[in-house]
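There's a structure below that I have some questions on.
Labels for the chains are A, B, C, D, E and F, by order of writing; each one numbers its residues from 1.
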Amino acid sequence: MSTQGDSIHHQGPAFLSWRKLHLSKAKLKAASNTSALLAGFAMVAVVEIQLNNNNSDSEQLPKPLLFLFAICTTMLVAVHMLALLISTCILPNMEAISNLHILSLVNESPHEKMHMYIELAWGCSTVLGILLFMVEVAILCWIQFYSVLKEAAYVATAILVPFVILFIWFAIIFYRNLVAHTYETRKCGIQELEELKHVLEMGDELTTTREIRNGPLVNII
Amino acid sequence: MSTQGDSIHHQGPAFLSWRKLHLSKAKLKAASNTSALLAGFAMVAVVEIQLNNNNSDSEQLPKPLLFLFAICTTMLVAVHMLALLISTCILPNMEAISNLHILSLVNESPHEKMHMYIELAWGCSTVLGILLFMVEVAILCWIQFYSVLKEAAYVATAILVPFVILFIWFAIIFYRNLVAHTYETRKCGIQELEELKHVLEMGDELTTTREIRNGPLVNII
Amino acid sequence: MSTQGDSIHHQGPAFLSWRKLHLSKAKLKAASNTSALLAGFAMVAVVEIQLNNNNSDSEQLPKPLLFLFAICTTMLVAVHMLALLISTCILPNMEAISNLHILSLVNESPHEKMHMYIELAWGCSTVLGILLFMVEVAILCWIQFYSVLKEAAYVATAILVPFVILFIWFAIIFYRNLVAHTYETRKCGIQELEELKHVLEMGDELTTTREIRNGPLVNII
Amino acid sequence: MSTQGDSIHHQGPAFLSWRKLHLSKAKLKAASNTSALLAGFAMVAVVEIQLNNNNSDSEQLPKPLLFLFAICTTMLVAVHMLALLISTCILPNMEAISNLHILSLVNESPHEKMHMYIELAWGCSTVLGILLFMVEVAILCWIQFYSVLKEAAYVATAILVPFVILFIWFAIIFYRNLVAHTYETRKCGIQELEELKHVLEMGDELTTTREIRNGPLVNII
Amino acid sequence: MSTQGDSIHHQGPAFLSWRKLHLSKAKLKAASNTSALLAGFAMVAVVEIQLNNNNSDSEQLPKPLLFLFAICTTMLVAVHMLALLISTCILPNMEAISNLHILSLVNESPHEKMHMYIELAWGCSTVLGILLFMVEVAILCWIQFYSVLKEAAYVATAILVPFVILFIWFAIIFYRNLVAHTYETRKCGIQELEELKHVLEMGDELTTTREIRNGPLVNII
Amino acid sequence: MSTQGDSIHHQGPAFLSWRKLHLSKAKLKAASNTSALLAGFAMVAVVEIQLNNNNSDSEQLPKPLLFLFAICTTMLVAVHMLALLISTCILPNMEAISNLHILSLVNESPHEKMHMYIELAWGCSTVLGILLFMVEVAILCWIQFYSVLKEAAYVATAILVPFVILFIWFAIIFYRNLVAHTYETRKCGIQELEELKHVLEMGDELTTTREIRNGPLVNII
């Protein structure tokens, strides 16, 4: 029975790594879906917007607005393409591991080494990318409304301001909560595994039988 | 046998939390799908609408209509982007837990701590977002029909009014029903688990065997 | 063995409710997919159609046609948004239950209480929504052909008439068949469960063993 | 052991019906996916085509071409909407049955009663709908090329003719092959089940054990 | 034990047919996805391209270019629609068989009889369809650049030429490799099955037990 | 017991090949999804961009910009079509093998022979394709801004430059890390399998029983 306890002791960090693998995979998938969609819409907006649709009698769009539009569009597409590149590069390596459902292969998944890039891809895609998409829509409103009714564009921007603040505030809150949450549960997770190991070493035959038959559970712990 | 009873007693709240995890996950997925789609259509509408397509001989669009269009579009995109952000941030953490199918990890999922944000994302996306989409289409009808036939735009608005009322009424009904429903079933759920614990402590060997072999059931209860 | 019989007797209505849950879930999913797609196309049509594309020399579109277009578009979007709202509200609660694969939780799913709304969402989306989409395309044909060749629009409408009649006739046939079918099979279902209970009370050891090992079957019956 | 033989004898027609259920489900899903996509493209074509884009100096589109375009578009949308309606109506009822994986419920699925409508939906969507889509593209080529280079439109039509013939020929071949194939295999299927019943009645203990453990197989036969 | 050996001998060709069924299914699915997407883009291109967007002062598009565009577009749509028809016709019959996971039903799947059509659908969709799509984009570049800068169109064509050659060369290499590969592995497959049969006839009790419990393996071999 | 050890020794390379199969499959799927999407957007951009939208009074687009646009668009579509061709050709052969879940068939999958082409498809689609998409958006910005505000186009390009550098740097880092990672883990993998073989030869009865029951694990190792 001690063999089993050892194997769990041995698999403790492997199991945590396995969970990190699943978390990273879910993050990259979410990033990749959001990125492709929003970058596509941004490109359509660039192609179909008409910057000089007014004849010489109506006033021209102001320069800062055009600068903002050029910067925001390029940033939006670049950020999402970067997220898509990172996601397309790392995800296949992680899916190839996680689809085999063999815990001991978890060390061969690149999600620990590439941790920083995964967080970067996810952060680029969600926080920066979605924020830039909101700003892009506001700029498009400005371009469309400028020669028609400037006040409407001011109102649209005024509405967007609290949302952007809310947005950044949420991003900070989420980040803190998740970091705190991760740290806390990781500590608990190790304690729990220690206790589980203890219980198993003490465990009677019935418990063993029950656990052995719970296919997926045994595969992983 | 008492060990098993204890383990169920211990897992009672964990099991309820596991169910909340599944509910939150389903809500966020629904919110994320709806949000991306409707925000995309709203952006296309902003880019492709022609606010000054009439030459100087036809009458201009009235200012309140343009204000409404700017406000509604910005709100619509902002609300859906907020829902998308919340969904993209929290969902990976929950999927990483729920894909492992291990009940004891449920405490590490952020769905309890982030409960308020999940409800906010879902509420934003469904009730507010879908309502704003309906209003947006009505405004688009106004813009298209204004210089052609104003009466058609009035009729379109008149048709929309009962739908909006129906809409808000349904939202209230759903909210009340679900809240009442949740409260009621949660109470029943605890009672049921108590009874289940009792039955299992009394249970004969056959029952135990049967339950042990029901793989997925045992994994969870 | 009588315990098992009792448990099936106890689960008889629960099992029927479980099946209703699956049926409602499938209906809402179908409604939600169709709704989002068709409402999106309707919005694109509103934005991109040009109602005053003809200069003063060609004749204007007639008022009844414009009224029809305004009414049909608004109805189409409103009907699909209503179906989407109902679907997005109820579906997560049902998926959270059905994903756990535990029969006894079926009472906590809102599909019985919300039965009327589910049928409404499905009816709105399929029968009314698809019919309105067909009418919308006919109106778009009218708008496009009016100043070019009115006869082509008449022919298009003439072709659509038998389809609409076929459509309504099918909807009625389907409704009757399904209602009759449901009633009939529900009666059979109860008889069958009664017989199954009887067989199980009489059953020999071999039968029991065979059934116990059929994982998914035992989970549900 | 004779009990088991009887149960297979009893389940013979049920099993064939189960297979028909799977076939009908696959057909309706294919029909529904194709229909929504092609109808959507047809609607976009109606909205965005410009029938009077030429000023008075270039020649008008001929009347038969406009008639053809109006007829083909309306037919195309109507045929696909009909297929979508039938698919959305019947599919949920079949999915609710097939997702439970219980063979004895197969009689409650409406796929036998509604057989004619399922074949109609599938035929509409695939044969007629895809053929009309090809013709629609040819007509669009005509409209676009008419005032530019009529010969190109003639060539496009000439290329399409052998494809349409190939198309109809394939449809007939497929239909005959599948009907012949279905008839033949159904006869074999019944013979095979008879033999299987025989083998099982003769079977020794080892065979029985092996079959019982093959979960999915036992669930169905 | 000889019974088991016989059953494997009997299932040898059935198993090879089962694998061909999976291969054909995967090919048709890939063909159907690619076809719908590329045909849709081609139709959008036909509707939205403006062939006479230049006033009388700029030069007209040359006739051979217009002929090429008409031919390429019609071929592209016809080839993909043909692939879609074949795929929609045969795929449901194959999915209905493969979803049941019963090896003995493999003879009822039409993938052997319809082998030629499946290869045709796949070849149309991938090799011919993708090649035509590349040519279509080159023609669109020509149309857009003709009245602006002819040299750019020449450069674009010059870039495409090596890709088309690479394309055809790859198609030939793939075809040869896969045909050779299939032939070789099929020979090996039969030898392997012969050896497996031998091993099983010689096999000791332990081996048998191990194999019997490997659910999915036993289902298929 | 030595038989089992031998079988693992025999399956050592097969298992590594099985993992490579999963990795290649995941890569090709990612490549195919990205390719279809980005090529589609590129085609829409070609069709909808207006290169001569300015009347004779505004200045013409410069020749190098038009050359760049023609080259970049053609390369973008050709690269993605090549990736799509390779993916559509090889993926069905690999899916047909991997869906059967039989380890011994891994030699019949073409992923070893076609290794070079798979890497080429993946590299084309991700690194080159995504990079070209970013450049394409920058060129589109130039075309749109050229006659309005050239400085905005310069700023957009300036923003893109660090992203492209970051992009290439990431691609190199990823490539090195993954190659190093693969080499390292492959060495470990062989050692681990050697040790596993050793443990199994030494293993007691309990271990054997536990492993045999872990269905999916045994299927693969």
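Just so it is clear, a residue touches a chain if its C-beta (ideal position, glycine included) is under 8 Å from a C-beta of that chain, and two chains touch if they have at least 3 such contacts.
Heads up on the chains, UniProt names are A, B, C, D, E, F = Calcium release-activated calcium channel protein.
Note that this is a predicted model, so its numbers are computed, not measured.
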item	value
Chain labels contacting chain D and also chain F	E
Set of chains whose contacts include both chain F and chain B	A
Length of the shortest touching-chain route, chain A through to chain E	2
Chain copies touching (chain C, chain D) - same or different residues, decided at half shared	different
Separation of mean Cα positions, chain C and chain B [Å, integer]	19
Whole-Å gap between the CA centroids of chain A and chain D	39
Rounded Å distance, chain C centre to chain E centre (Cα mean)	34
Touching two or more other chains - residues of chain B	44, 48-49, 213, 215
Topology of the chain contact graph, where touching chains are joined (line, ring, star, complete, other)	ring
Chain D contact footprint on chain C (complex, rising order)	18-19, 22-23, 25-27, 29-31, 34, 37, 41, 44-45, 48-49, 53-54, 58, 122, 125-127, 130, 133-134, 137-138, 140-141, 144-145, 147-149, 151-153, 155-156, 159-160, 163, 166-167, 170-171, 174, 177-178, 181, 185, 188-189, 192, 207, 209-210, 213-217, 220-221
Contact set on chain B toward chain A in their complex	3, 36, 39-40, 42-44, 46-49, 51-52, 60-61, 63, 66-67, 69-71, 73-75, 77-78, 81-82, 84-86, 88-93, 95-96, 99-102, 104-105, 107-108, 110, 113-114, 117, 212-213, 215, 218-219
